[in-house]
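The data blocks that follow each hold one structure.
There are two complexes below, and they share chain A, which is joined by chain B in the first and by chain C in the second.
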Partner chain A sequence: MKKEGLRRHLLWTLVVLLALGLWPLGGWHTLLVCRVLGFAFLFAMVTVAWNLVALSGLISLGHAAYFGLGAYAAALLDHYSGAQVPVTLAVAGLSAAAYGAVLAVAFQRLRAASYALATLASVEIPKVIADNWESFTFGSLGLVGTRPLPTISVAGFAVDLSHNIMGQYYFLMTFLAVACAIHALAIHSRWGWALRAVREDERAAAVLGVDVFATRFTATVLSAALTGVCGGLYAHLMGMTEPDLVFNLHISAMPLVFAILGGRFRWYGPAAGALVLYSVDQLVLHPWLPAGHAAVYGLVIMVILLFFPKGIGSWPAPRS
Partner chain B sequence: MARAPILDIQGLAVKFNGRRVLKGIHLSVEQGEIVSLIGPNGAGKTTLFNAITGLVRPSAGSVRFCGEDITGWPAHRICWAGIARTFQIARPFPEMTAEENVRIGIWFGKRKKELPRSRNTREEARRLLHLVGLEGKEETPGRELTLSEQRRLEVARALATAPRLLLLDEIAAGLSPQAVSHAARLVRALRDQGTTILLIDHFLNLTARVSDRLLALDQGETIAEGSPAQVLHHPEVLSAYLGERHPHTGSGEIP
Partner chain C sequence: MWFQLLLNTLSLGSFYALVALGFSLIFGVTHTFNLAHGELIVLSGYMAYGLSKAWQAPFALTLPLCMAAMACLGQVLLALVRRIREPFELSSLVFTFGLALVIQNAMLFLFTADYRRIPASGKPLRLTADLIVTRNQLWLIGLSLAATALVYLMLRKTFLGMALRAVIQEREAARLAGIRVERMNRIAFAVGGALIGLAGPLFGQNAYLHPAGGMEATLIAVVITLFAGTGRIRGLLAGAWLLALLESAAALWLGSNWRELVSAGILIALLMWKPEGLLARKKPAPEL
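So, the complex of A and B:
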């Protein structure tokens, strides 16, 4: 990256971080906006995780599987063992990562539409299990009463993450920051170059010494783990986990929309797309047009695609 | 007593959907040799390259490289062992610049721990681009290079992995006489630096000028082997080239 571009890049990052970090301290925020942005951070994290796989040249339509597995792992662990939240979140991430590892091996020969279709189908297996193993998962009713996020101590202050919406806001923002850091590595590190080579020409990459399977496997497992943690967070935030809610096709499709509209090839693109679109939808379109918001949402997506074919993330970058 | 060959192929066979496209090839190449593979379209030359470099799995036979059995290894490990190749239909990374294309070979061509730390990959990439005549194209994306530039990029990228054995697939096809001369000089220079070279040369542009030895293939079998003069006048080679017994089209490139 050219020096000029880098400086501009860092400046933008700083401005956005300061804006997101400081505005709730101004005192004129509303809880609604904080709550919505908190969820925007959560879904941005799913989008960033999804893009890790996309950076290896595969479009997944099955991230609801990882999200749902994470949510169920956290909720079940909480229900049966009463484990603390850090433990449930870790197990949520690990369960999803294990499923991701199995799929990465099973689908290693699939590409393009076949891969997308296979991942779409992969959601059905955990969903059917969650739906039907009533003695363990409570079937389609799901689990309720999952413990809320705990009270943590930050620099001597007790912050109740379930009731203190601002605390929750910063808590989720931290998770997103970690996801973005991993995503930045997936673009700028040596592994990032391997992903790029695999994405642009797999056979050429292989004969130049890039381990195609390992590169994709790492991306898939990391992506699944992050998505699983999001599922776990969701279970604790909502307090309930139902098959139709967490294994929903919407959760698989959402990151695709957010990432492509945000710009898939910049480290901040998927997160930016998710934050802007989710907030606009929830804060502007829903209240303003309770009945027709979906249509306007569709229109927004089309307009963005027409004017920013590389995503809204391409806007602050220098014109070439 | 002769030295052990750097590449030793025994009875190598490849099947596609039950069709035998390579039927037991034997080939051994000495360190520092330049060997050409010739033969009509569909003879199995590119398939042989794919089998050596791990892009297709042989159904029988073995490939030994520097005394080590590499049959069935994945492509990246064969690259790490020291075999590099070009593709007949060039496969540049389309969105990367020419320089970045070459740097992928430098970064990944050897195991991570074997890579020297803190070397100037940028300078090395530029040197290789200069070697193949792509100076001034460093910042051009792969997709914007002309076909002949993409083919030269293939060579620079393969060299970036520091190979001991270099497989060149039709690098001189469709080139002007001057460019063929340049390619021939490059091939000889590489050999003089110690790289062993296996060439595919359907159009016989380079063969007679640089090869120590020729192997003629037809329909997946060896039909002649020996010095360029012997092979090029071999009756079966003449009939394979002139007889047009092969109506099926295609370059032998496996998708």
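So, the complex of A and C:
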């Protein structure tokens, strides 16, 4: 990247970060906007996690499996043991990562459409189990009364994350920042180059000494873990976990839509797509069309595939 | 009781064959991976429900209307899908995934999330002392098998069918032999759409319609097509009955809700066994 381009890039990043960081302090906003943007950060994190797998050349239609498993792990642990939130979130990430590892091994020979189909079907397994193991997961009624996020102290201030919407906003923003950092690494580091090599030509990558399976395995497990943490956060934020809510088809569709809208090959692309489209959907379309507003996600997929020159490839990668 | 179970399995399996038939035909000829297949079936079911509610249309009349409407919708879908670029199989899958979401939300908007059912056609018939067949089941078995047989005869006994099978087997060679592949694409979408239109009202009569109910039907169509290969009607029928048998067995021993796990599990197993998916073909000469 040229020096001038880099400077402009940094400037824009700074402007957006400052805008997102400072505007809630102005006090003229409604709490609704704050809460919606908080959830946008959460789903942006899922999108970033999804793109880790997509960067290795695999389109997943099953991230709801990781999300739902994370949500159920956190909610069940909270219900049965009353563990602290950091513990439930860690377990949420770990259980989703375990499922991700199983799928990465089982689906290692699948590519393109076969992989997409297999991941789509992989959501059904945890969903049906959660739906029917009534004595443990309370079946289709789901778990209610999951404790909200605790009060944490930052630099001497006590921030009550259960009621302070602005606190939640910054809390989720921090999580997204971490996810974006991992994503930037997955594009620019040595491992990122390995991912790119695997995506473009597996055989050539293998000849060059890239371990194709290990690269994909790491990406899938990391992606699953991040998505699982998001699921756990969702369980604590919503206070309830139902099979139809957390294993929903829309949860699988969202990251795909956001990522191809925002561009998959820049570090900020997936997050930007999520922030824009999720806010528009929730703040503009939802009040206007309560039932069926989510059609916009499907429409965006269709329009991009029909009219964008690169299709699922989305915006082309920056020249470096 | 066992005969009753067998009869129910037969009717379920015949319906599955009908569901898979449209998917298999469209996929085989045009290579369009239609993930919105189930949603289109549910949409057709809602259409029949709307017709029977609003104008008291008799069930037999809703069938041709739905078939015609879905065949037209198939042409629209083909016109859209033709614009999609390579890699076509994956891109069409993602595209129709988006279409599925749009249809789901449109149905949610138009018909709300309540469960709906098209009223039954009449009293059930008692064949023997403990063997009961409902009129719905008779419609279902009769029409499904008739449609399957018709498509089989068309593919095997007519010149058009020969051309369609040629396109399924080897697209470019068929083009070289003078077959108009574009016209075959249109015919596949018209026939496939009509089959979807037929499946919808039958689905709405035998099960509850729900906007989110389509994905299960899609998975079933994919599983059976993957099992039988494209364009093989007898294999399709065998696969459909086998799947219905497995589902009934799972429902009998584990409980009816675990049934949903069967098709997803079989799909994953089939994909792991045949990782190249539906388009498994001979390798091109340089790779042999």
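Just a few scattered comments:
As a convention for this text, the second predicted complex is superposed on the first by the 287 of 320 C-alpha atoms of A that agree within 3 Å, B and C clash if a C-alpha of one lies under 4 Å from a C-alpha of the other, contacts with A are read in each partner's own complex, and residues count from 1 in each chain.
Following the convention adopted for this analysis, a contact is a pair of C-beta atoms (placed from the backbone, for glycine too) under 8 Å apart; a residue touches a chain by one contact, two chains touch by 3 or more.
Fair warning: this is a prediction, and the values are worked out from it, not measured in the lab.
In the superposition on chain A, no contact is made by A:22 with either chain B or chain C.
Contacts of A:208 after superposition: chain B is touched, whereas chain C is not reached. For chain A, the partner that touches more of its residues is C, with chain B and chain C as the two candidates.
In the superposition on chain A, A:193 contacts chain B only, with no contact to chain C.
Of the two partner chains, neither chain B nor chain C is touched by A:155. The residues of chain A shared by its contacts with chain B and with chain C come to none at all.
Partner chain A is touched in their complex by these residues of chain B: 53-55, 74-76, 78-80, 84-85, 87, 91-96, 103-105, 107-110, 112, 142, 157-158, 160-161. Within the complex formed with chain A, the chain C residues making contact are 33, 35, 80, 83-85, 87, 89-91, 93-95, 97-106, 108-109, 112-113, 212, 215, 219, 222, 255, 257-258, 260-261, 263-265, 267-268, 271-272, 275-278. Chain A makes touch with chain B in their complex at residues 190, 193-194, 196-197, 200-201, 203-213.
Partner chain C is touched in their complex by these residues of chain A: 59, 61, 106-107, 109-114, 116-118, 120-122, 124-125, 128, 131-132, 249-250, 253, 256-257, 289, 291-295, 297-302, 305-306, 311-312.
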